[in-house]
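Read through the structures below before going on.
Shared between the two complexes below is chain A, which has chain B as its partner in the first and chain C in the second.
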Partner chain A sequence: MTMTSKKTYERPVIKKLENNMPNKFGTRTIFEPISHLEGQAVNDLIAKYGSPLFVISERKIRKNFRKARQAFETRYPRVQFAWSYKTNYLDAVCNIYHQEGSWAEVVSGFEYDKAIRNGVQGNKIIFNGPDKSETDLRKAITNHSLIHIDHLDELYMLQDIARNLNIRPKVAIRVNMDTGVYPTWDRFGFNYENGQAWDALNKILFSGMMDLVGLHTHIGTFMLSPSAYAVAASKLAHLAQSVLTKYNHEIKYIDMGGGFASQNTLKGSYLPGSDISPSFDDFAEAITTALMNSDYRPKNPPLLILETGRALIDDAAWLVSTVLANKRLSDGRRSTILNAGVNILFTAFWYDHKITPAQPFTSYTEDTAIYGPLCMNIDVLRESVTMPLLNKDDHMVIHHVGAYNMTQWMQFITLRPKVVLIDEQNKVHVIRNNESIDNIRSLEHVPDHLLNFE
Partner chain B sequence: MMTEYRSGLLFPLFRQSVSNSYTQVFFAKNPVLGVLLIVVSFFDPGAGFGGLLAVLTSNLTAYFTGLNRNKIISGLYGFNALLTGLGLGLHYQLNLAFVIVLISAALLSLFVTVALEGIVSKYGLPYLSLPFLITFWITMLSTRQFMNVQLSERGIFTLNEMYLLGDLQLVKVYLWFEEIPLPDVVKYYFRSLGAILFQHHLFAGILVALGLTFWSRMAFLYSVAGFAMAFLFYQMIGSDINTLSYSYIGFNFILTAIAIGVFFVIPSLSSMLWVILTVPLLAFLISAGNILLGPYQLSVYSLPFTVVVMVLLYHLRVRERFHDRPALVGIQQGSPERNLYSYFVNRKRLWHLGRLPMSLPFYGKWTVTQGIGGQLTHKDVWKYAWDFEIKDEGGSTFRNDGNKAEDYYCFGKPVLAVADGFVAEVADGIADNHIGDANTRQNWGNSIVIRHAEGLYSQYSHLQRGSIKVQRDQYVRKGEPIAACGNSGRSPVPHLHFQFQAAGQIGSATLDYPFAAFLKHGQHQQFFASAQPMLHDVVWNHQPDPLPDQALHFVPGQTIQFEWIQGEKTEKVVWLAETDIYNNSFLHCKDSGSKAWFIREPDIFYFTHFEGKTNTPLFDFYLGAYQIVTGDNPGLQLQEDITTAVFPMRALLFIHDFFAPFWPFLRIRFRIRQLRPQGSLDGSSIQMASEVEFRIAGKTIRTKNFHLVFDKNQLNEFSIVDGKTTKTLKRV
Partner chain C sequence: MKIKSNIAVSDNGFVFNPASGESFMVNPVGLGMLNMMRKGQSQEQIVAAIQEDYRAEAMTIERDLLDFVEMMRQYRLLQYDDE
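Right, the complex of A and B next:
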């Protein structure tokens, strides 16, 4: 060992000495760099498709879906999933679910048209939500889609249209209820406890103009308690039995909606999501047990529909980005600016996303605030996270970004990036291109008198 | 229907009963053969008269004493009387005394027939011509003392009679036939064939042979083969075949060959081997019988045939293995050809009918981790059992480390009753093992046994402790959750052990019984109407879809009306859904008289056979809807063979009949697939496409394509593409 090799430079670390820790460097960073996603090097992906970049794994999507389906199908005789378009309505993503046998669950005319354009048969589209225009409803009725009525005004409009078209719409009502969790989502659908739901069902069956095929509920979002679903399922089953008793009419399906929590960690949560989020099996056990033990005794067991979105796709996508700069804040904290901000990572408002570097690092860490690139104070990805020492142009991977980001992102300050899908053979496909200024400007129109200025 | 029958002559279907009484001698029911046999029987007018009178006497008596009408129509109560009448008519001169004796003998033969039927049918055996033998011997012995009944001399001076009957011409024709330069064996064959009707003219034999061939090519082929075998045998043992010819008992070989070779047995090479086996047996019986009966001046007639056929059929019936070498005819369709062609298609397709349909005891897709005759524990009398587990994408049966029972996907999952029944036995309270451990003391663990029928039980074992929801003697319904899958007993990892058994105790010997209507996961999804899952199979229950299910539910009495559109032409087509007295259902096209018989199982619709005209839309529907799984199984494909009996090239089929037992080269292949995956909630439309290929020696010579549209709970449209023409049936 006569040769002396030059050591890698590492910038100095200033770390507050914490007297309750036996180690002067505090806790060790236990996470590892994620340099590859589904066999593709993050560096290569960025070199080829730019940064930031959304990366979706087809393999992971299918795996999650099959896991969820198995959890329900091995507990209940008839199960159907409907892909929640609002969670992620990129056509390529939707079609993976449709290939796996999912129907479509849409909440607007736009989403409805998207499902139809994807080739989903009309009778396999569930039309939810408070905003359905008359045009939307006409289309849905003609296509024999399943219309989930949200309020009485919609019910009346539906009756009028049905009378005009002379087609019997296939309908369900959305029911909201107290399942013992807070908050109660009582703004959607008809309330169970105060009798609105029963009233609506009576109106539908008395009208004689609609086919009541199902009952729907969606008790909340990011639900961490399966038992709430058990309560909801038994309440729906009870309604179904009441309909059967009074009208001798069999409800054909019970739609338990979605809202299953993913593995993300909610802001303010003491434990990480991966430790506390229930599994599909937990939700399935609660729902199917409640249905089987309910007093609903039809000739054929009702079809169980699930509209879960988030739990199926959240961990199947990553956002890769690049370090723009490092800064020290006034309180001495370190801060790192990434080129991906809340404009494309909307869920950063809800979750403490797991963020990992894409290249090896040493064990030295600092408390770091991670900011996005926007010139806006709200653009914070993580307020405080233990990070290794990052340098400009380092690459970072933000985890569990599959749900809601690619639908709720906005074109704010900057343009939206590409989305790529890595298929089961690890081949990369661009499934949504990055926006260009022309895309945005093509929608604008400048009146003649505003064209010129000195 | 009833009035139609009543207006018939004396009793319904009088003509059939007479004709069939003649053809039953060859086991046949064929009008052409019937006419030929009647004509042949009158070659000797005395015999012909005697036979006909005996048949009428026996059938009318059977009718007016209230015996089974179908059997009378089938000629089953006539053919023994016929043989008696023929024999007597040949032996005696026609006078009043003889007529009285003849009628009495015919009556005796009927009584003996009914009595013998009662005895031998218990063993599943036919009585053949045993009643004739008994009656004839008794009559022959007794008439020797009836002085007014006089022996006929006709048989001795044949040519004289010919001359009297039909001048010199007839004598010439007769002699010409006698002198046809045929090998001896061929002449003996025809003579023996004629002798069955107590006719010894060569011409009679030739006519009978023609009729026989018209009825069944296979019967003719085997009868020739059987007789040739006998000829060879006699040459080898150094006996004179002439003795056969002289006493007219060569027909024993012919009838036995037909009975054992093609009629009661599915024609095949192995049935041919059995025919060879009968030759020496018959020879023994003929020689021994004649020596025994000689002192009484009686002949053995068909006794050897009767004895050998009964003995061999009984032997075949009590087999426990090799049921297909050769196979016995299950449902007698009255023609060896039909029996064989049905057997080809139905041995795999419909063998399960009549069994109780058993569903798989779980929801969703489970994997067979130990099958029938498994390596570990499914041995000896516990051979017919399955272990089921759930596997994930990667083939693992557990999540996490698999150190806890809860890690296993199957643990705690509902276990369902496979059919309705009473709970016969329940064992609970045995702890679920730690992973890897096995409780060999209470090896079945927590178990349930359900009684579905007498001698048919199902057992579910290694259930989770405390999960059992049923009690002893409780009635459970098919598909009802009865417990949860667990890890108790001899179970190192959670799994469900399932078996059918004949007794109600836990751990009784297992029963070889199939599951019904399940799907198997694989490259292509496969549907099984009835089968036993194999090791590593991933299986789940099939779910019928209400739309095709209802569309193919034809209610007896229902009229189904279509518009039959062929290019410019439009006709009206009306089918009736009917049910016969045996509860068989069929679609009946009244205009053409065609019938398509079908069977409706909960998960599947089968056409079983077709009768009538093949240029009708009903025939096309029979082809195109030959088998339909009434579920919503997008992309599911089925392939089946349709009976060759409906092959459109009749002449070719005629030739094929001679080869079919050994080398069937004609085939009709049916394939169907579901086109549009469909939700079951709105009942809009399901479309299926089917294809029927007619093949000669593996080459497709013609293809018909069909398209079925189910809509609004009925079959709405059925189109046929045959070459360039398209025809469509549209529901009115």
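Right, the complex of A and C next:
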């Protein structure tokens, strides 16, 4: 018998047939291998760029963005998106959003500098967050950026700087509120219900040193309830009308922040995210209806700003990885170790990421625990998932990894991998190189007395 | 590494243990191994026979065979010499 006439090997498996209550969703969750991403073979990508590897689709980013913009622009006359840098601040990614017309939304001096270096005009940068140093604020004021005040200490510091620079900062306040969704995010900004937000607005307008241009809120993360945004929009509009009534001052924009859920599945969720996450249209309908029905009556409708990040990019990126080994756990379950773990897939802590083999498989499955390569017990990608029979060196595709992983990743015990972008012509570009030990060591310094040992 | 003599195995990989009432499914490679074990073939013979039919390294087959046997032990399908 020649080699070519031999059959394809699949490891032996024996599975107990259970006579439990049937699961209405069926037992199999994976039907097809994902052998190609945007026209590129996963095997070729790994051969050329290594494994693990982040793969981002420019086509998908633009498609998602246009879908979101359309959802809002067909319902409201003045809409502006601001790309949430913390979600993914790789320059190439940010610039796709900037090309699509997005401003930048940043939450630190580092992100602010990144936006400036990307070429974003200062007056198109929204500066959020509780950590803005005096240097950051001076820069932002000079560049006429939109500064969203988080707390009174920042408000007082801004007044001091404005007095010294003799420039009027363009400011908004961040407002937190009860929208019927719990837990309420009350650690950022000024509270609506207890009057803090109104007090802050009075302080700004009485001081006469700052231009109050907007109102901002960001009610939570991975929000599954569009109606919460309707409540938030109504409350901001009410504040805006109070300012108009008392000071005859028009608020120019209402910034509804982000937090729209993506299609990922939260851990513990009974139904998959693709079935329960609201669409952009659902969020747009809730927000724009609430704004238009509100009692705010300015001469011009305020600009509606959106800082959505996750829902725009999550499904535009994949993490491809390789099976390192298979093991049997003490309870008989199969475990598979991948070369990508929570060090580069931080979101595995709260999502049940969909994971698909990149090569053909048969109908036989096993309950499998999928682990990362770290020497840490918490390095778990999926605690229990029905998977086809995987072999060492098989390639796997982890889905919906575009948000937060490439900003929250850790350089723990190993180096971070390359990130490639597949453009609209299916051409592959390395947009972040893999780290080397020299990159890491270049930041270290060993004192002379510690240089030598026997 | 002996299969209990009362275990029934069908040609399409259905395994039934009349003592417990439990049933199992094995894939084609597993079925091949199971049948050879029933015939009392040794580990080396089974690995060689599988390698004859399938594209796989002997080391891989041996590792998978040991895991397969371990799973059958957990499912109480194996018989020990003193039983």
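The rule we apply is simple: the second predicted complex is superposed on the first by the 438 of 454 C-alpha atoms of A that agree within 3 Å, B and C clash if a C-alpha of one lies under 4 Å from a C-alpha of the other, contacts with A are read in each partner's own complex, and residues count from 1 in each chain.
Here is the rule we go by: contacts are C-beta pairs under 8 Å (C-beta built on N, C-alpha and C of every residue); 3 or more make two chains touch, one makes a residue touch a chain.
Every value quoted in this text rests on a predicted model; they were computed, and no experiment measured them.
Once chain A is used to superpose the two complexes, chain B occupies space next to chain C without a clash. Contacts of A:9 after superposition on the shared chain: chain C is touched, whereas chain B is not.
In the superposition on chain A, A:389 makes contact with chain C only, while chain B stays out of contact range. By the touch criterion defined above, A:364 reaches chain C but does not reach chain B.
When the two structures are aligned on the shared chain, A:332 is found in touch with chain C, with no touch to chain B. Closest contact between chain B and chain C, by C-alpha atoms in the overlaid model: 38 Å. The part of chain C that touches chain A in the complex is made up of residues 15, 22-30, 32-34, 50, 52-56, 60-61, 64-65, 67-68, 70-72, 74-75.
Remark: chain A residues 1, 3, 6-17, 326, 328, 332, 362, 364, 389, 391-392 touch chain C in the complex. By the touch rule above, chain B contacts chain A in their complex via residues 362-366, 390, 392-393, 409-410, 412-414, 479, 481, 540-541, 543, 676-682, 684.
Considering their complex, residues 63, 66-67, 70, 72-78, 103, 121, 123-124, 144, 146, 170, 211, 213-214, 252-253, 285, 292, 303 of chain A touch chain B.
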